[in-house]
Structure formats: C-alpha cells, structure tokens
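Data block below; observations after.
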Amino acid sequence: MLEVSIAGASGYAGGELLRLLLGHPQVRVKQVTAESAAGSYVHTVHPNLRGRCQLKFVPLAALEPCDLLFLALPHGMAMERIEKFASLAPRIIDLSADFRLRSPKDYVTYYGREHAAPAWLERFVYGVPELHRAELQRANYATGAGCNATATILALKPLFERGLVERAVVEAKVGSSEGGNTPSLASHHPERSGAVRSFAPVAHRHLAEIRQELSFGQPPEVHFSATAVELVRGILVTAHCFMRQPVAEKDLWCIYRESYGSEPFIRLVRERKGVYRYPEPKILAGSNFCDIGFEVDPESNRVVVMGAIDNLMKGAAGNAVQAMNVMCGFPETAGLEFTGLHPI
Amino acid sequence: MLEVSIAGASGYAGGELLRLLLGHPQVRVKQVTAESAAGSYVHTVHPNLRGRCQLKFVPLAALEPCDLLFLALPHGMAMERIEKFASLAPRIIDLSADFRLRSPKDYVTYYGREHAAPAWLERFVYGVPELHRAELQRANYATGAGCNATATILALKPLFERGLVERAVVEAKVGSSEGGNTPSLASHHPERSGAVRSFAPVAHRHLAEIRQELSFGQPPEVHFSATAVELVRGILVTAHCFMRQPVAEKDLWCIYRESYGSEPFIRLVRERKGVYRYPEPKILAGSNFCDIGFEVDPESNRVVVMGAIDNLMKGAAGNAVQAMNVMCGFPETAGLEFTGLHPI
Amino acid sequence: MLEVSIAGASGYAGGELLRLLLGHPQVRVKQVTAESAAGSYVHTVHPNLRGRCQLKFVPLAALEPCDLLFLALPHGMAMERIEKFASLAPRIIDLSADFRLRSPKDYVTYYGREHAAPAWLERFVYGVPELHRAELQRANYATGAGCNATATILALKPLFERGLVERAVVEAKVGSSEGGNTPSLASHHPERSGAVRSFAPVAHRHLAEIRQELSFGQPPEVHFSATAVELVRGILVTAHCFMRQPVAEKDLWCIYRESYGSEPFIRLVRERKGVYRYPEPKILAGSNFCDIGFEVDPESNRVVVMGAIDNLMKGAAGNAVQAMNVMCGFPETAGLEFTGLHPI
Amino acid sequence: MLEVSIAGASGYAGGELLRLLLGHPQVRVKQVTAESAAGSYVHTVHPNLRGRCQLKFVPLAALEPCDLLFLALPHGMAMERIEKFASLAPRIIDLSADFRLRSPKDYVTYYGREHAAPAWLERFVYGVPELHRAELQRANYATGAGCNATATILALKPLFERGLVERAVVEAKVGSSEGGNTPSLASHHPERSGAVRSFAPVAHRHLAEIRQELSFGQPPEVHFSATAVELVRGILVTAHCFMRQPVAEKDLWCIYRESYGSEPFIRLVRERKGVYRYPEPKILAGSNFCDIGFEVDPESNRVVVMGAIDNLMKGAAGNAVQAMNVMCGFPETAGLEFTGLHPI
C-alpha cells in the first residue's frame, strides 16, 4: 500500500482528493493537513465523509514523511515550501498553479509575481495523462492543471496538434465550486444563485497553460472567456475553431478517435437525437470523464468543439489520482470508476 | 408629496423599500443611509436601480428631518436610537424586530437581551394592516413583522380567532435572502445551493410574534420549524392544524372569505386542477400578495393551511409600504401594484 | 383608451404581454385567445394574474375587431391568417417569426418552408425601437424580434454600423422559458435542471435576423451558438468581436454612448468593482432593459461585448409594448416601468 | 456471479439499479427491458452509462430466466404478471408499490384498485433491511419501499417501537426525480424550477406503508404532507413528534444508537456547529445512506426528527441492491460504497 498525505485537505479539491484516496485499493491515507480545522475530524469540513474514516486534520507543520505527497494549498504556498515538501516525500503531485508553467516569466505575466523556485519548474510534468503519459510514467513530480485549461486543452489538442486551427475562441461556462470555499459577496447565495455572470471576459490566467500545451511548433491563437452559471460542479467549454481549410464531420470523427480512442476517461459524445446529444457537465459530477463533442458549421469554416468535465475531478482531484496511478504503475482507472449520476 | 428617508438602505429589505418608494406616486425619497457604502450611488449596491435614480448613500449621522422615516437597520440598533429618530420624523416605520413584541420580557427570552427602550413598545403598532388596520390609521409608529411570522399569522388567524384550533404545527420553507446580505460559509453558493436544510427546527424567534398575534383570549399552541430550501425569495408555510371539532371544506371557504374577502393583498388559492393548485411563493417574487390555501384531511381532524409570501415584500418592505399607505391615508395598494411574474 | 386583443395569450410571451397590457395606463384589453383553455379564466394558465382581471380566454374564431391586435401564435400561424387579422384591426404587432425577415427566400433557408404571404413582408417593420424607431412611428404593422437576435443585435449594432468589426463570434446563454410552454423530455425538470447544454452550436434560426439587421452595406460575419443554462428567464450574449483595427476602451464608451445615450431601455454596465460589473440577466427579470457592457482584450484586437435581456420582456412582450407605444405616440416607457428585482 | 435482469430499466429507478449492478462485484447483468427504447443502447436513455457497458434494451417479452429478477415497472404491472415473473427467476425484488402492503384492502383504499394477486402479498418481505433483515435473509421475494415512506419510517421507528410517540406530523420536502421520467406541465422546467409546491398536503399513498411499518401493537397516529422543492434527487422529512412523556436529548442519543448503532447505512447527524448540523439530502446524492438527526423542543414535549435520503438510492435502487445483498449473503455494502459528493 502506498502511503500518501494531503497538504491542504480542507478545501474543495483537497476534500475531493481525500474522498477518492479513501476508496483507492492501493493507497492508505496517512495524514491530511488544515490549519484552522486542525484537530477536527475530516467530516466536520467534508460532511460526505462522515463515517467513512476517523482521520483528523493536522497542521502543516506536523506533516511526516510519506510515499507520495499531494499538495492542494492556495496558489503560492507550494513554490515557497517545495524544498521542505521534497524532503518529506519522494513523489509530489501539486494541484496549485505553482508548477504548471514552464517559463518563469509567465508567472510574472499571469500571476503577477516572480516564481519562488524557478529551478523546480522543469522537474514537474504537466500532469494530464492524456497529454504527457509517457513522461508521467517516469516522473517524481507532477503538477495538476487548471480546470478550465484541462477542458479546453483536451477539447482542442487533436485539432491543434494537426495544425488545423487558425483561430479558436473559447467560452467556458463554469460552476461555483471553481472559486473555492471562501465566502464572499459574489458567492453569497442570493447574489450567485441563477447568475449568468461574465467574470473573466479577457485575460484569464489559464490562458497561459492553454497556450503552452497547444503550442505545436507555433504560438496558437486561442481566446478565452469565462462565464459563471448556476451550477456547483462542472465546466462546459464551447470552442469555436476557425479552420485553415474545410473539414468534414467524418474527418473529425477520425481525428478524435485517433487521438483519444484508447483513453479511459475521454468519451466522444455526439448523438443525432435525445436530450444528451453533446457533452453535458451535470452528468459528470463525481466522475473523471472529459466528454468531448463537435459540430461543423455548414456555412463557414467553423467547427464548434464542446468539452465537459467536473472541475473538481478531471479538473483537479480526479486527474491528480489518475496521474498518481500512471506514476506508480497502478491501473489508470483505479479509484476513479464512478460513472456519474442520472438524473441529477 | 411625502418626504421619506430610509435608515439602513443597503440591506435587502432596505433596497426593496427603496425600489418601491421610488415608484410610489405620493412619495419622494429624501435620503438613504448606509455606512460602508456611504458616498456611493445606490445602484452600486442594488444593481436593479441603475438608471432609476441618482441618490447616493449617506451615513446615518447625516440623516435630516423628514416626514416619515423607515428604519431597516440590524436588530438592536433602532431601540437604542429611537429617541433620536423620533426627533427627526413624526412618523416611523421600523422593519427590525425591535418593537414587535408587546412584552419587554419576550426580548430577554427570544432575543437574549433587555430591551433598551421598553417605554416605546406600546407606542408601536404591529404594522400588518390585515391584523391592525384601524390602529394603523391613527398610528405614528409602526413596526414591521417577521417574515415567517407574517406568513404564519395570516394563514392561521381566521382559524385561531374563531377558537377552532387545538394545536398547530407550522413548517416554513424559506429562501436564502431571508438571511440578509452578509456572506458566510452557510450562504456560500456551493454549500447553500440545492440545500434542504433544517436551520431552526425548534425555538425560532418569530414564535414570539406568532403567539402574540394569535392569542385570542388564550395562549395558542403553535409549534414552528424552518427549513432552508433552494430559493432566493419566498416563504411557504405549511400549517397542520388539529381542530377542536371537524370542519368541512365549505366552512373553511366561508371563514377565509369572511376574514379576507376584501383584503387587497390576500388571495385564496385552491384549485382542483392545474399546476398552481395551492399557494406557490415563486410567482409572488416582487409582489405584496399573501396567497393562502387549505386542504382538509379526510381521515382526521387535521386541516392543512398553506401560506406563501415574498419575504422581502409582504414579509418586509412591501408590508411596510402598505402600512405607510394606511397610516398616511394613501390608497392601500399605491406603489404595490406589481403582480409577480410567470414563468419565473 | 386603446382597445387591444391578444391572439395566442396562453403561451409565455402572450401571458407576459397580457400582464403588461393590464397595467398599461392607455390600454384596455378586450379579448385574449387560447384554444384549449378557451372558457377558462386567464389565471388558470397565468397564476400571477389571479385577482388581477376577470378575463376569460376565447377561441381564435371569436376574435372581434379592435384597435390593435397582438399576435403571439406559434410560428407559421400568423402568415396564414394575416388577411383575416388585418381585417379585424388597423394595427398589428406580431411576436412570431412570420414577418421578421425581409427576404422570402430566408424562410426557406432558415424555417424550411415557403412564406405563405410574401407580399406582407415589406409592410412589417422589424419592431425594435432602438433599430427602427422612425419607421415604427408611422407603421401599422410591426414584427417582434427573436429574443437571442434582440440581445445580439443591440449589443453589436454600434460596432457594425461603424464598420469596425471583421468577425464576431456570439455565444448565448439562455433560460428555459425561451423554449415555450410545451413539456418535453428535454424540458423535464430532472433533465433540464442544472444543465449547461449546447442546443444550437451552429445554424440557429435567429442568425437570419441578426445578419439582416447588422448588414450595413456589406454582409456581416457573425457566428452564433446557444447554450441552455439553469435559468428560467434571461439571456446573456457574449460577443467576441475581432476588430478591423485596435480600439481603446474610451472609444467604446464614446461609441455606445453616442448610439444609446438617450435610449430609455439600454443601460451601459461596466463597473470596476462589485458583483455586478457586467450585464447580468437575472436582475432583469420582468424589466424591459437591455444591459450592455464590454471589455477590451489587451493582448489582441478582440473586444468582448456582453448583452443581457429578459427574453420574455425585451426579447418578446416588453419590446412589443414598447413598439406599440412608439406606434401609438404613447410615452415609450408606459407600462414598462418595472426595474427588476434584487436579490432574485 | 449472480445473473440478474431488470424488467423496466428505462425509468429513473431502473437506470439507477443498472448503474449499481454494473459496479457490483458479485453480479452480472443479463438483460434490461424497456419497451419504447428496445433495441437501443442503455446510454441513449442513461447518458451516465456511456462507455460503461454495451447492453441494449430488450422488450419485456424477451425476458429470459435468470437468478434474480428486479422489477422496476410502473405500479400495477408487477401484480398482473407475477406468476410469469416467478417462473423466470427464483428470486424477485420488486420496486413498485404492488407488494408493499400486507392487507389487500389497503390497495383499494390507497391505490383505488383491487389487488390482482392478493395471495402473493404474504410471500413478499417489505425489503428494508433495517426493518426486516432476518426475514430478508431467508426470503425469495422482496418488495422495495416507497421513498418517502423509507425516510419517514427509518426516522421514526426507534421512537414508535418504544411506544414513545403520541402523534407525529411529518413534512417531506422532495425533489423532482421522485415523479419519474414522464414530462408534464407540472414538471416542465419553467414551472417546476424554484418551486415550493405542496402536492400532497393530505392523503399521500405512502401513508399506508408508514402506518403498516410503524404499528407496534397499536395503530400509530402519523400525519404526512409532501412539498416539492427545487432539487432533483433527495428527500428531507421533518417529523414533529409529540411525545407521551418528556424525553431528554441524551435519551434520544441512546435510543437511536441502540437501534441503529451497527447499521452500515444509517448515520446520526447532529452537530453543535458548522453548516451540516442536521441531515441534508444534497450530500447524499448517489449514496445509500439514511442520515437521521433530532432536536428537542425545550418548551414542549415535541421532538423534531429529521431524516434524509436520496430517493433513487436508499429510497429505491440502492435499497433494492442492499436487500439483494442480504438475501444472497453478499456483504451488505457491496456495490454501495459511494459516499456522496461535497460540494454539490
């Protein structure tokens, strides 16, 4: 059994990670940290875990050595403590943004700060198995990806890596859990309920990752906007791709099947009839799937690609467990078998 | 034109009051106060009022004399400043709980504090026109009622005043705006969304008002629980009344029509078919109606009475405007004509 | 008093029209038609109108002459009966799609059928006052606009009429009332609740109107996709405009103020802080506003314009009343003063 | 491996059953029936099962022998075909209401029809393991329980079996999936969304089961009302129990722990602080838990007991799998380990 700990387990991603790891057949959860909740049972923060385990939160300072350490801390904390964390565990998977970007300069541009440990950037693999499986298999350090970035990159990669896209305009519709568990007026229920709220029409931070991962020999032209909608978990990205040349529907099927045909967590969703003809995030809650669909605009060179994920699963904790499975040689779907619910 | 001001206009009830008063044909809004928002246009806090007026918030200390002063301050503030407020305006309508209870002792029991101005309690009329219209017509000081209390009392009064009820068990289902505009983890969207949350199964403060107003010569046996549901505005109370003797449906029609037949804001809702057979709070959003329906349990002496209101309207600001209309001799429905939306 | 009737008053747009007309100071509602509900009080279908009027639905065949006739019938019915309707009323405002497009060919392309009365197409004004006020003032026949089209056109017109936009990609997020009041599995609550559902990624019918109204000497390049989100009323369009040349934020302010500065129902919404920095449809429920905001992408020639409306108001019934006001010389805001609610 | 089939697998309960059985380590799903969807892959109806299995629906007439047959057919179909079904499988678990009541007369009273196979009533065990585990262990025929009845009975049984309750008034708040997957105007999203709708204030059918199972030597006085709230999955029952004599909080702890201390799917939820102090159905979606909490009213002999379940899980499919586990000697939690999600 692999002994794992979670630094920062009181947040939404950390809690989801804990839920998954408690059900993983090859893992034992050793410690979970939280500062203000230190000393409390985990179910006081994550009520779904009531009766599931008897773990209590410990402060970060009490962290002991383990086989693999998950970091689910606020952005900026991991980079400042990476030496310390590396001394505690031979393998680290970080869910924050601290090691996602290859170029230290991007941290200045997108996060407004100098990176505190730039030498570590190249040691981390961008830990989305569908993008970097081979590197993950021999990696000790992996970073999770931004949730919006994950949905966008997975939806678009087959087209960009073939050099087919001239320009992509991506609109993400996102749920409230993406904002974390800190209350604010914007997240106050009477204000947030029923909202259709443009919160990042331009300059979203995840653009840095998106461009990094969609660069196949040339800088990709990708534009991104995000709108908050009434939903707790889930992201739907709608990517309007203007193609360099006309592409037929059957070509798209070939391309996506070729890229993702053997991926355990990517499903192509495109039905002629029924309610669920395209990807729909609500039925993915709790699952690690990324559902992808597409439609060709008959009157222009536009292809609309849709991608849906649960932001806390494939967009955070689920992907992290999947990355662990790849790094540790476990079956890639171990602990991630939940299919999602319908209706929900 | 009556010159009115609102002390405490940045909260939800105060904002609703402002919206109504701006549309009232016989009123001019003079000042609106808010501490942290002082100096800002009202639409920065109440975005629906954008373009509707050019008022800015002023601090409480800047309040000037006016014809009628509405108080929509946090509980406890009005009782401490009532002498000051009374020196500014000959008429006051307070929306807080500070002057609702006739007995000073009840403040200790239900609000955990001594009343700061007990001599003022008897000067205030419990300002629900359906209960105290005649007193309101000659009153200078009126208090608003608790939103849950309003729905409960209006639903039950016709039965209690006729001495028909032995015991009533009231379950209120309430929206999130009832909790005010201060964010907390309980109101954080990912936590509050989709909730069916028992927050006051026993000992709700509004019981004090309910019992006060339903006492017709004897202490009424009324039990009350409140459950938060997914809704921003609205309350549905379901009151299970165990009757002293069997009552037929046609008797109930007679009773309710006799009590409320000429009330402009009470509608009896009981249809044999269709979707809206009983009161439904969602179609009341923005309206001042209290919809009341009932059903006789054929196998027991139980009558189920349902009452629905918009907690910010008939449960707060709308009722306050109605009370003002009565006090000032305006048409009782002035400024309150909005019928509610469907669908919504 | 203008005597008006509504043909097709049992649907959502027809019901909203009835609500507005009942509150209009210069109008008397004469008849409202519905086939299956004929003989029933209007509140059996529109529960918000309980107690508001004593009208009953009559069948279409019972329609009598009136001063102005609103048509809110299913698409295709108005064009087949237009001669009959024109014999009943000197003025007609049609809310269906039957007279929106100037070119009969477009009906074949977008609606899959030959137009039944092509000679009438040129007699109808596309009845959005912000676009065709002068024509409306002397028109007897006006057509409403598609709800998505209204939001899109109003958001983009100032840029297109100045020839500034090379390409626009529009993503609409829409509520469930847009689909009308006929139940289906797609609208069944367990399926529709919480959905983020791409239902028209390409080839939406409203594109025909959008292109017609945004053609200023040249065919506009506009792409449109629609996604259903959890919301009953409301549309937010996010329009990504790729500009022919760089445009600064202050230029946009000038442009939009110049175009809309004196419009009673268009508000520019762009705040530096607060929750409601951009247009938000939820606070528009029941109001006739179209809120418009924008943001300049600092790293490209992209401008993101956002437009929000209540699809049943500015997108249907509210706009129709506004058009009537213009046609009849009434104050343009008569009957449309409701500001929307907050919180909601 | 136990070979099981599901008759009626296109409904919500049948689909949930299929989801659970596909993940059950000791079960192989042989056939799933549906009439209109016969010939289609199951994921066309249950989109969450995409990629999970390659089963297609078959018509009921094509059902072959199997080890255990689940019936998830509309009420009335099982009783008419029970002989046929019994000839196909030695063990049957029926999720409909057809075999829940012991007295044939109750079918006339509560379901308005004569029972078609009254001799079979006594062969079926009311299949809630917490109530009838010993009988289930030796049963071949089990019936599921009504979802509202399950929540109510489990919440109240410890009090009723000890003879402590004089009268109980139960208010259930329920989600929309309880109504099944057939669209209607009442379930149409614009109408159902945000509803707080009393749909069965008196005379709910589940009362028959509730009274049957809470009769411990005397007919229990239980009253029941149900209100639909904005929620897809989930039930919260709030049971106001008027006790024969005062009961202290610590007594209630003893009682509930004694009754349920070793139950794998019942959790006592009662916290002094935090958001989730009492049972909350939303965090139970997909789990088989019944969470129970209580509060003593300090000013009367009233105890408020709250019980929460997922109506499709512990209220239908989950309980059926649990019953199968008991009947077949499998670990009782097999296939039911999912803990629920937070946030959701």
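Labels for the chains are A, B, C and D, by order of writing; each one numbers its residues from 1.
Assume a residue touches a chain if its C-beta (ideal position, glycine included) is under 8 Å from a C-beta of that chain, and two chains touch if they have at least 3 such contacts.
Because the structure is a prediction, the values reported are computed rather than measured.
Undergrad: Return the chain whose centre of C-alpha atoms lies at maximal distance from the corresponding centre of chain A.
TA: So the chain farthest away from chain A turns out to be B.
Undergrad: When contacts are scored as defined above, which chain pair ends up with more C-beta pairs, C-D or B-D?
TA: If we tally the C-beta pairs in contact for C-D and B-D, the bigger total goes to B-D.
Undergrad: Using CA atom averages as chain centres, what separation in Å is found between chain A and chain D?
TA: Going by mean C-alpha positions, chain A sits 35 Å from chain D.
Undergrad: Let me have the rounded angstrom distance from the C-alpha centre of chain C over to the C-alpha centre of chain D, please.
TA: Roughly 45 Å, centre to centre.
Undergrad: At what distance in angstrom does the C-alpha mean of chain D lie from that of chain B?
TA: The computed centroid separation for chain B versus chain D comes out at 38 Å.
Undergrad: Please list all residues of chain A that touch 2 or more other chains.
TA: Answer for chain A, listing residues that touch two or more other chains: 12, 177, 181, 185, 190, 194, 230, 232, 275, 280, 343-344.
Undergrad: In the complex of these two chains, what residues of chain B are touching chain D?
TA: Its residues touching chain D are 169, 171, 173, 185-186, 190-191, 194-198, 201-203, 223, 225, 227, 229-231, 234, 236, 238, 240, 275, 278-282, 293, 295-300, 302, 304, 306, 308, 343-344.
Undergrad: Which stretch or stretches of chain D touch chain A in the complex?
TA: On the chain D side, the touching residues are 12, 15-16, 19, 22-23, 44, 46-52, 177, 181, 232-233, 267, 269, 271, 274-276, 280, 283, 285-287, 291, 337-344.
Undergrad: If you look only at chain D, which of its residues touch chain C in the complex?
TA: Touching chain C from chain D are residues 12, 175-177, 181-185, 187-190, 192-194, 230, 232.
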